[in-house]
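Each of the next two complexes has chain A plus one more chain, namely chain B in the first and chain C in the second.
And then the complex of A and B:
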């Protein structure tokens, strides 16, 4: 039985390593510093020169911009949801809120993308733009962020809140002096995880915010951007072009690197929080 | 959330009005001839989910058992990190891996025209939901109090009996909600599936043929959203796909919650 189980479990133990190694090995031919900082857009990609100066900087910055916008929009809302949950909501409302958040988390991201397409791109006439992508990503990460913030607040011992109340602090005082100082590592962890998630979501921004090429730095938040995720998607379909495929793997590695950065720092922060 | 549903319902209303609820079972989807049946995509989605489940549930469960019961504690931490990283890999990257590793392999093994098939989609999905299932089951196994294990040991049960009679029944609610969450994730995954599934709108012939290219709900939305004109019937049919998807996903996540809360 033990042997059988171990055999079954083997793929689960080896696959993460295999995936990472494979992606990195595939990316090696195209990966260099030039590729990361160069901002020459895809003009050279389909040209003759195999190693022409093709950079991914515009894609990287597009992804990061969209992520930053999403977090800026979602973080205050998530914080206020969490504070509402902790301060004013009755037990019934709390249960309802958690259920709603869970259900929202279960909805596939592409459905959010569809809604964004109808409302933002078509009904509000924003067109395909950075702002639409940011708003949609903000909605996608909102459930994750707020449930993390709620849990961070719940971990504060009740005694602290009660003694703060006994000292006569107003609710603003409780929030500012007691809760936020105690809960910020947990909230920041949630924020980092949400950033990783926003970076890796592709489907919702594919039709609402990104174009394939031609943009190095968006002029305003109402102009389209390029992003790493969708860049990989478009390049992956260029099956016959070896250079495009190499660049796709390289972009995959960069994206992986960014996501891993965020989730690892979230992990360290969580450990720090537990040790305090 | 209500706003979301309202918009989806509003946008897909022309579709429902024109074809009625029965079109969910209609088998043809040819946008240029105004035939919009959802059946091929629904069958495709179901198959992909089932294949993913068949691979991911035993593997994930076994990995959870091995890592929480057999391996030493240090290894557990590393596995945890590995699984979290695996869960963090963007779905496009999975699609890329599937496209360049899985498809040629399937093509050679089963002697197919291209590797694009439901089987490939199912396998990629199983890779993606493995972390979800494993982390949830591991948590469930870890929550079992030590006294239970000690009591089982003192009754002279051997390892197999302990696992089957004590650990699994106790951890089952957690495992089940992990499986349901994984199912929801498999349902909603778009990019990876879109790259490997082949996007052919047809009911598999015969229906259990999983080596043919097919279509899932998500991959259809992803493929055709760029082509559909805003306000057309095609557009609202795609919205209907989205609505079906959202309703199913919400049912799944509520189900996962319900089971959990009954036990707690």
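And then the complex of A and C:
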């Protein structure tokens, strides 16, 4: 039985590893330091000099900017939701809130992208821009962040809260001096996971924030950006251009590396949290 | 029932020798549709120990939580030092600063021993040097000798018994008017029990101490008075010796008989 179950579990372990290795191997021809730190010269991909140097720095910074904006917008709201859940929500409201958060996590990201396109880009006349991408990504990661924040608060022993109350601490005092110091590792873990999720979302930013070329660094939050996710999407469609495909693999490797970095950091932080 | 308990063991509505310090008048509590406390009334004088005993689910811990206003939906009236809790000028949070509550499971905060002791003080007070106050309270909680050389070590490195005494010191820093303890020695070793009981005896000379306990031997060691509760009601109030030697009510006699059987 043990051997049988182990054999069944093996593909689950090996498949992601195999994918990761395959992506890296495919990326090797194009992967170099210049590619990461070089500025955008997307035109070279389709020009007469396919081997000319070009970089993905604009795409990397665009992805990171949108991720940071999304986290900046979503984190305070998620914290407020978690505090409302812990402090004021009745048992019925708590159940309803958790149900809602689970339902929101199940919505396909492309639907969020479509909503962003209609509401932010067209109705509010923001146009394709960093702000629209950040807001939509914030909406995408909000349920994940909120759930993590709620669970982080739930892990605080009831006795600590009661003791703080019995010492006459106000709600603000309990939040600031007991809950946040105790829950921050859990909340930070959630934030890192949400960052990884924001980095890996393509459809929402494709519709609302990114263009393929002509952008290096956005002038303002209402300027369009370019991102690794959408860069891969565009390059992958150039199947006949080997150099473009190689750069797509290289972009995928960098994106995967960033996501794995955030996920592993979250994992280490959770381990630290459990050891405290 | 509105009985004033006197530390000397006399029970007299009209001739209460010291003015009641904590008064509960027809306090009732329901949780999730279940009646936990039913019209509980009694008064506590300004000093002395009162042990709250009774079977599990009798409402003893809930009673302490009502006095500390940790439940919101209780009915009746509670007054401390002659002031109704509902009329307390500083509000509930301020009132709780005057009531020391020690829970069964010690809950130390993720900070140093020193920081834990001064946790309840205001921000301004915490910024000042409180070494003398900390030493005084740790002495009162019989913990000073064990921690005096490591006041800035994390509090969670202390043993459970030491953590419980740290919680007692933390409550004492606020100079409470009344001390409530919910099975404070339930999971402690005999030495820690002895130290906490000795502290309670000292403290009871200056303030009323209300202690929930399942340990009948402890109730006898603590002396003072006993309130026997069952099914959310106060069944009997008596001096310790009277209660254990000549319980008046059938429920109390049965409870003592079962408890003796359990001990055997």
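Note that in this section the second predicted complex is superposed on the first by the 264 of 276 C-alpha atoms of A that agree within 3 Å, B and C clash if a C-alpha of one lies under 4 Å from a C-alpha of the other, contacts with A are read in each partner's own complex, and residues count from 1 in each chain.
Going forward, contacts are C-beta pairs under 8 Å (C-beta built on N, C-alpha and C of every residue); 3 or more make two chains touch, one makes a residue touch a chain.
Bear in mind the structure is a predicted one, so any value in this text is a computation, not a measurement.
**Student:** Superposed on chain A, are chain B and chain C clashing or fitting side by side?
**Tutor:** Chain B/chain C on chain A - fit side by side.
**Student:** Quick check on the superposed pair: does A:178 touch chain B, chain C, both, or neither? Answer first, second, both or neither.
**Tutor:** Touch partner of A:178: chain C, not chain B.
**Student:** If you stack the two complexes on chain A, which partner ends up touching A:167: first (chain B), second (chain C), both, or neither?
**Tutor:** second
**Student:** More chain A residues touched by chain B or by chain C?
**Tutor:** B
**Student:** Between the C-alpha centres of chain B and chain C, what angle is opened at the C-alpha centre of chain A, expressed to the nearest 10°?
**Tutor:** For this superposition the angle at chain A equals 100 degrees.
**Student:** Tell me which partner A:159 touches in the superposition: chain B (first), chain C (second), both or neither.
**Tutor:** After superposing on A, A:159 lies in contact with chain C but is clear of chain B.
**Student:** In the overlaid three-chain picture, which partner chain does A:232 touch, first (chain B) or second (chain C), both, or neither?
**Tutor:** A:232 contacts chain B only, not chain C.
**Student:** Give, as a whole number of angstrom, the minimum Cα separation of chain B and chain C in the superposed three-chain arrangement.
**Tutor:** It is 19 Å, taken between the nearest C-alpha atoms.
**Student:** Quick check on the complex: what are the chain C residues that touch chain A?
**Tutor:** 68, 70, 93-97, 99-101, 103, 105-107, 109-110, 119-120, 167, 170-171, 174
**Student:** Provide the residue numbers of chain A that touch chain B in the complex, in ascending order.
**Tutor:** That would be residues 1-2, 5-6, 8-9, 11-13, 15-17, 19-20, 22-23, 26, 99-100, 102-112, 114-115, 117-119, 122, 196, 199-203, 206-207, 229, 232-233, 236-237, 239, 245, 248-249, 252, 255-256, 259-260, 263, 267 of chain A.
**Student:** Sort out for me which residues of chain B touch chain A in the complex.
**Tutor:** Residues 1, 4, 7-8, 11, 58-60, 62-63, 65-67, 70, 79, 81-86, 88-93, 95-97, 99-101, 127, 130, 134, 159-160, 163, 181, 184, 187-191, 195, 218, 221-222, 225-226, 230, 238-239, 242, 245-246, 249-250, 252-254, 256-257.
**Student:** Quick check: in the complex, which residue numbers of chain A touch chain C?
**Tutor:** It comes out as residues 157, 159-160, 162-170, 177-178, 181-182, 276.
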